[in-house]
Amino acid sequence: MNAENSAVTAQALSQRIALTTRKLTLAYDGASVISDLDLAIPAGKITVLVGSNGCGKSTLLRGLARLLKPRHGTVYLDSASIFKLSTKEVAKRLGILPQGPVAPEGLTVRELVAQGRYPHQNWLQQWSKEDEWMVEQALSITDMIELADRSLDTLSGGQRQRAWIAMSLSQNTDILLLDEPTTFLDLAHQIEVLDLLYDLNQTQGRTIVMVLHDLNQACRYADCLVAIAQGQVVAQGEPAQIMTEALVREVFGLESRIIQDPVAGTPLCIPVGRRR
Amino acid sequence: MNHWITVRSRQISFRIDRRVPIVLVVLGLITLAIVLLSLGQGEYPISPIDVLKTLLKIETDNADYDFIIHTLRLPRALIAFLVGVGFAISGAILQGITRNPLAAPDIIGINAGASVVAVSFIVLFPSVPGFVLPIAAFAGAFVAAILIYLLAWDGGSSPIRLILIGVGIAAFTNAVISVMLTFGQINSVSQAWIWITGSVYGRSWEHLLPLLPWLIVLIPLALLLSRDLNVLHLGDDVARGVGSRVEWQRVLLLITSVALTGASVATAGTVGFVGLMAPHLARQLVGTAYEGLLPTAALMGGMITVLADLLGRTLFAPTELPCGVITATIGAPYFLYLLYQNRHQ
Amino acid sequence: MVKPSSLIREKARSPQKVIGRSQALLVVGLALCLLVLFICLITSITFGAAEIHPNTVFAALTAFDGSTEHLIIRTVRMPRSLIALMVGAALAVAGTILQGLTRNPLASPDILGINSGAAFAMVLVLFLLGGVSAPVYVGFAFLGAGLTAIAVYLLGSLGRSGMTPLKLVLAGSALTYLLFSLTTSILILDQETLDEIRFWLAGSVAGRDVSLFLQVLPCMVVGLLMAFAMGKPLTTLALGEDVATGLGLKTGWVKVTAIVVVVLLAGSAVAIAGPISFIGLIVPHVARFLIGTDYRWLLPYSACLGGILLLLADIGARLILKPQEIPVGIMTSLLGAPFFIYLARSRVKR
């Protein structure tokens, strides 16, 4: 990491922090994927994790959402270790949308969105006024009111993904983690979903952490880009400051040119292949 | 907001699909009609009017009616109904936790576990008193469930492996049952055979009483857990994300399901496919939310079993077919139809 | 639902593995298998209520002298052992073909309900017509096996990429359950039939009708020969239907022929010995473990190994509760079910 990057990291650390990892080691079937990772996720920003296939970015996201128990180290939500809090307590503050979730057949959008209220309910209070209000709110933000009574399997991929995001919204958490929310969507729907997340961040100040496959989309939407290679953070900061040809080479093993995105002004990575 | 009926007071609030109350009433009426028909049916036919009169303790022309209905036929019909309820709720829960619409206690080997123990008792110790059988069946169901769960465990319980391993366990126990059936005295083998297929033949009040406490405890528990079932149905990660303690909930629900199956099998043997059919039909009527699905499935299961018993008694009269044969004959093709419907997933 | 490709973790089918075992080695291996098969056959004939020395066995076969011992060997022991051998071979080959055809490691005639279909048909004919001549009896077994096979096959080819192992197994269990239940209702209606056939229903090679065996034998032999002839197309088909068509294989014909072979083999096996389970599941796996995925070798190896396994199981069935004998079908189930669970654990991932 060069001096400039460290400065950016220091700057990031001085901000309000939503999630921190301390010496986090995550493993699948004995093989560790993330080792001794220290990372701070700024609050109120959009943070995007990028990296090549199998670099551990999805694993890290699962770790951050306490879906995966770390081998050692821990994740702090504010100042408390996420594993010391009850899982319901965490669910009130942090929502996670896993990759490619599958809904049971015949489930309606409204029914799905209502499930996001789970952490706020108990055996006696199963459907409070607030629950109802939050569900309607989530449906309207995601523009799903019209489709609310349709069954999920009759919707398009983009609509379905919006429904799942609405479910996470009705959970009403400050932090929202999403694992590749744009996979299996065509380009128009990808932008639709990313715009929705951007709006959520802008209008409601929610902290959004997501894994994205497309580097250029990541650069466009991220306030804070986290590049991961071999289970380690290679660079973290504003895309305009950290996106360099050297970084792409290090993270993806790919030669490229970085130019300015003519639409958003963010960095745009043009891969160099053999064919000119 | 007329999709749900919402009930709210200061302490409690809940919602159900608005279709649920109507469906429950209609199903209830149909079931009642079948029960009345069933009570009138037999060696000594009684008209539905007289059945109703007798039930309501209104004087009828024939003094024997009271004995025939209250002592002989009513407990049998009630047991058929309650056993169906048990299987249906058990199946609905199992379909939720395995996230597979094709799971049912009979397919995944829990029934087989109960059968093998019960059949062994019938064949090896024919003189054992009647009350031992339910307890044995119950224990068998539990041991099978625990085995399935442990064998499917691999750093977490995977729904697909739960089912496949259940099929394996069923194959194993069926082999053991074969041993019993091959070597037992032909009389006890016949008895065991009827029991395996599931029958409410000759069930009386003394069989009903041991079943009741289980249902009284477990059905409300299942209803309370329906919210957890809803989120488990969305997948482990999502469920964990919204704050469900997935493994713990799954174990609790599995125990509830097994206990219901165990109690039902103990009373009437393995009445197949009720646990599969009832939840599906119910889902088509009231949707997927478990708050409404469980009671609907329960009534549906009860109705199916009572109807199957009625058919079993009348189709080849005077020979009686166990109601399990009827449910399997209807249920297995239905299952294949479901497979066909699910072909693209 | 998970896609089949991610559901099944097939062992990498590397070409080296097939090439690595040279033809010569495969021939020697097969010869070795045949030798073991022969030893098992002799052992099977030697064991029994009356102790008979192996030399006497040979004498009875080569120089029959009409003594009681020789009679026992020729009329009781020999048929029994030969039936075990043939039934084992038939079921194993049927299983191998089914696993290739459905590209599904959990497929086999018993899991898919084909055995139960044959069994039900035979119970039905016994119930409806009472004592019938052997050809009718066998014909019904074929009919039952055939109809069930077609049903399972139609179910198995549903959907875009065929059926997941899970669904195929579930379809099989549902069919088995249904047929079992129908069989049961017949047996409840008619206790005499129950007593007559309950031993057969569990699957047994003991005390079978020799004339029946001789009548079924040609079907089995034809089935086996047809199967061996199908080695090459089956190997191609195992790559997937689209690839096979791309390579110029008439997949429709191969499949139809394969199903006919399965029905011949499974139907005749059930007709003689009742529904014997798990031979058709286990043997193909053992054979694949030994020689890889080339069906030209896989099929004869399966036949040999199937014969060996059922002979051994039958010997075990005679020894385990001596002097009582348990039906060999129960033996194979008790051994096979744990194997099935092992497969489900190791081959099917989340």
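Per-chain numbering from 1; labels A, B and C assigned in written order.
The rule is short, and it goes like this: a residue touches a chain if its C-beta (ideal position, glycine included) is under 8 Å from a C-beta of that chain, and two chains touch if they have at least 3 such contacts.
Treat the numbers as computed from the prediction; the structure is a model and nothing was measured.
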Practice task
Name whichever of B-C and A-B has more C-beta pairs touching across its two chains.
Solution key: B-C
Fill in the blank from the handout: Of all chains, the one whose CA centroid lies most distant from that of subunit B is A
Completion exercise
By C-alpha centres, the chain nearest the middle of everything shown is B
Practice task
Compute the distance, rounded to whole Å, between the mean C-alpha positions of subunit A and subunit C.
Solution key: 53
Handout entry: Centroid spacing, where centroids are CA-atom means, of subunit A and subunit B in whole angstrom
Key = 43
Handout entry: Rounded Å distance between subunit B and subunit C, as computed from the means of their C-alpha atoms
Key = 35
Exercise for the section: Indicate the residues of subunit A shared as contacts by at least two other chains. Expected result: 102
Completion exercise
Each of the following residues of subunit B touches two or more other chains, namely 345
Handout entry: Numbers and ranges of subunit C residues touching at least 2 other chains
Key = 1
Completion exercise
Touching subunit B in the complex, subunit C uses residues 1-2, 7, 106, 111, 151, 155, 158-160, 163, 165-167, 169-171, 173-175, 177-178, 180-182, 184-185, 187-189, 191, 194-195, 198-199, 201-202, 277-278, 324, 326-327, 329-330, 333-334, 336-338, 340-341, 344-345, 348-350
Handout entry: subunit B residues touching subunit C - in the complex, by the definition given at the top
Key = 100, 102, 106-107, 151-152, 154, 158, 160-161, 163-165, 167-172, 174-176, 178-179, 181-183, 186, 189-190, 193-194, 196-197, 272-273, 316, 319, 321-322, 324-325, 328-329, 331-333, 335-336, 339-340, 342-345
Practice task
Note which residues of subunit B are touching subunit A in the complex, please.
Solution key: 1, 3-4, 6-8, 11-15, 99, 101, 155, 224, 227, 230-231, 233-235, 237-238, 240-245, 283, 287-289, 291, 345
Fill in the blank from the handout: So, in the complex, the side of subunit A touching subunit B is made of residues 29, 62, 65-67, 86-92, 95-98, 101-108, 110-112, 115-116, 118-119, 121, 123-129, 131-132, 149, 167-168, 171
